Amino acid sequence: MRKFLKEKILQLIPTLVGISLLSFIVIRLVPGDPVMLMLGERGADPQVYMEMKKNLGLDKPMLEQYAIYMKNAVQGDFGRSLVSKRPVTKEFFDRFPATLELGICAMIFAILIGIPAGVYAATNRNSMPDYLLMGTSLIGYSMPIFWWGLILIIIFSVNLGITPVSGRLDVLFDVPTVTGMLLIDSLNPKVIEMDGLGPFVSALRHLILPTIAMGTIPLAVVARMTRSSVLEVLRAPYIQTAKAKGQSHTKVIWKHAFRNALIPIVTVIGLLFGSIITGAILTETIFSWPGIGKWLVASIHARDYPVIQGGILFIAIMVITINFLVDIIYTYANPKLR
Amino acid sequence: MNILLRVRNLSIKFQTKKGIIEAVRDVNFDVLEGETLGVVGESGCGKSITNMAIMGLLAENAIITADELVFNGKDLLKISDKEWQQIRGKEIGMIFQDPMSSLNPCYTVEQQLEEVLDIHEPELSKEEKSKRVLDLLYNVGIPAPKDRLKAYPHELSGGMSQRIMIAMAIACNPKLLIADEPTTALDVTVQQQIIDLIESLKDKFNMSVIFVSHDLSVVKDITDRIQVMYAGEIIETGLTDLVIKSPKHPYTKGLLDSIPSFQTTKNKELFSISGIVPDLNQRPKGCQFYARCFNKQDDCNIVTPKIANIDDRDVRCIHTL
Amino acid sequence: MSTQIIEEKITFKTQAKEFWEHFSENKGAVVGLGLVLSFVVLALLAPLISPHGASEVFPGMLRLPPIWADGGTTQFLLGTDDLGRDVLSRLIWGAQISLFVGVSIVVISTVTGTLLGLMAGYFGGKVDTVIMRMIDILMAYPSILLAIIVVSVIGPGLTNAIIAVALVNIPSFTRLVRANVLEIKERQFVMAAQTFGAGPWRIMIKEILPNCMATLIVQTTLGLSEGILSTAALGFLGLGVQPPTPEWGIMLSDARPYIQSSPWLVTFPGLCILAVVLGLNLFGDGLRDALDPKLKR
């Protein structure tokens, strides 16, 4: 097992290097003078220009620039946002918990509903519920997230008025940041003392629509994957054996079939994190959710290159880390590979 | 001796897109207490399906009808799902053809054996269960059983896997053991070991055994009676020694002649029955074996033969050998 | 009785007929095909069918509701947008844009991805490692993000959006083809061709590629649906096709401020995207089931 881990980590390194290179190159590929791009109009002043150029290290040869960039990166220094002037790293970690909270809720939503739905569809194959479930998930998977989010807003916020249109929390509540995740922070005893469960409920209400919007595609994928995986497993001879032992129907499904079907399902779930990030970018824009997705999009429109560069790198690292973890879980769960 | 299993006029049909296929029909047989019944026939002759019907393990689109399907006094046609679960694994044990894929790859040997006990003897304590499991492993001839407890199926050989399967099947002392082609997927050297094991277990635990195979040479030594099936019908039943010595149905003779033995001279052609099994969708009129029979007469494809008792034999043929 | 083996001539016609039989059993797939065909017809006939021009502005007719609502007129069946343009016309022209963009994306990613996959799978060794490392890097980025990166570097616009999304779709083709190649490479007829002295490119294209066709065709269909979704997403974010081009994603983004007052402006473009993508997915699923005998049942 340890050997396997070492191998996997070694495989990661070239990919990580490649990504850092890509992020590094991005700015330098943009047509035009990067210094001018960074400075905007202020670059007209030659003194400011030279200073920025020195700051960016652009007066040094490419290789040295890359080395400096990597050195800074490893220390967590990605420069400052042109818009807010604050360090990119700080900006990122200020917003990351919001995306994380939304992402986790969306995944939980997808898994809690998707897996039972998929198992049910598999065990009742070709029945009406099966067709309905698979039909719905096909639709869910074919919808553009940004449109679905807007429709949800139209139905639930505009017409029914039961959910808020944007943001994470009602304005009148003030929740001190501990983890950055409101569902946890609002359960802080001090907060409850002051406002009771108000903040918690408010945070929950704000989470519902974005979670549904972001979780619909993963839900569809998980349900379909579960169904096909369970169907495949149900054909295996050892299912026959379990029944021949006199095992009850439920236990045959969950203890024998599902346990084996789980392996590919877990892989799919891991891969879904990538689509969660994609979803985050779009969902946060629609719901004005203050996470890294919205920040990244705004930065792209504002040509805030340090942010773009850093943001791209962070996200790629996150995805790779998750894939890596999934690989490990997958290997651990499958006794044949251990 | 008492009759343990009584089957009368069993017919198994399947509802498919192309209509209703009658896979098995007019099946009548008994299994007596303490006897080993061999069931022989080509692939697709219905021998496995018949056994699955006895276990209630056929697919949803199966239509089972019979005048009688009684096991140990219980009418299997009328019992509920729960009652089935109590019979399977406890009163009837079954082992299958491919042991390597018949064991769940995610669980250890110990876990899978304990599962049978958990289902049928839940009152056992942890220590009692562990002891039972070790006893079972010992009974099926697994060397160093303690070392095998934590093994996973993919770590076991074919022979070992089959022994585990057998252990699971006999864990609760069933009255009947159904062995569906238990040696077909195993190496020749291991086959005999497994056959011997089944025989010794049968004596030790006083079980009846239904031993299914497509290979007559495998069953001839351990069965008391033999039942030959073709195209979903039983075509000959009788005491094993007698059937083998003097088969009365041409198909049985064909099967016996097909067994290559070390006695045949090198240059002799291997015998095989020409032709193929009829399409169950469109069964021919008269005798189902007509097209391939070396002894066919003019009325064979007109008259549908019924099982008739001739001397010591039940044969489905109007022109027996 | 002698047994005769009757050889049925397996012509393309019989294969096609058999394929259609299997395919049409799947009702969903047929519906999907219908949707896709309607989309294509609509797109191709846009100049003829569209009641008005896509950028034709009707001053004073801002944000009129569809015909079935109060204030709707037959002149603008699905209403008008915030600049007084006919929604129906823009949707129809949008179909043409989506078709053009989608097909371009798919052609680029299929050809490039297949070539890379063939090379990686067939040549193996260093070629394989280099190609797969690049693919790994590309795959480390969630699709939209990658497209956004590319666009942020080369700038927004129709052509750039096509390049960006095509780039994003290449990895899936490469991996698929490579996996197929690895499997087929070991088969007898490939080794036979090698012994005849056939060169690697000849083998790749004449022997191996035809055997990947089934999975390739399915992936192309799905790639088309993903391409259309990604393009719309880019359009929505303002990073892809630029206004005033009547792209469905842009129409959605333009409609956002009026979500309360004119919700139909949001509903229709999204429904179009949904219909086309759904149709492609249904069709692709049906294709996969019909073409791959292993997956039957």
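Think of it as A, B and C in the order they're written, each chain with its own count starting at 1.
Following the convention adopted for this analysis, a contact is a pair of C-beta atoms (placed from the backbone, for glycine too) under 8 Å apart; a residue touches a chain by one contact, two chains touch by 3 or more.
Predicted model only: the values in this text are computed from it and were never measured.
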Which chains share more C-beta contacts than any other pair? A-C
Most remote chain w.r.t. Chain A, using mean C-alpha positions, is B
Chain centre separation in whole Å, for chain C relative to chain A (CA means): 24
Could you please state the distance in Å, as a whole number, between where the Cα atoms of chain A are centred and where those of chain B are centred? 54
Distance between the centres, which are taken as Cα means, of chain C and chain B, whole angstrom: 53
Note: chain B residues in touch with at least two other chains are none
Please output the residues of chain A touching chain C within their complex, sorted ascending. 14-15, 18-19, 22, 26, 29-31, 135, 138-139, 141-148, 150-151, 153-154, 158, 274-275, 277-278, 281-282, 285-286, 296-297, 300-301, 308, 312, 315-316, 319-320, 323
In the complex with chain A, residue positions of chain C that touch it: 28, 133-134, 136-137, 140-145, 148-149, 152-155, 225, 229, 232-233, 236-239, 249, 252, 255-256, 259-260, 263, 266-267, 269-270, 273-274, 277-278, 280-282, 285
Which bits of chain B are touching chain A when the two form their complex? 55, 57, 81, 84-90, 93-94, 96, 98, 101-107, 115-116, 119-120, 152, 154, 165, 168-169
Under the definition above, what is the set of chain A residues touching chain B in their complex? 236-238, 240-249, 256, 259-260, 335-336
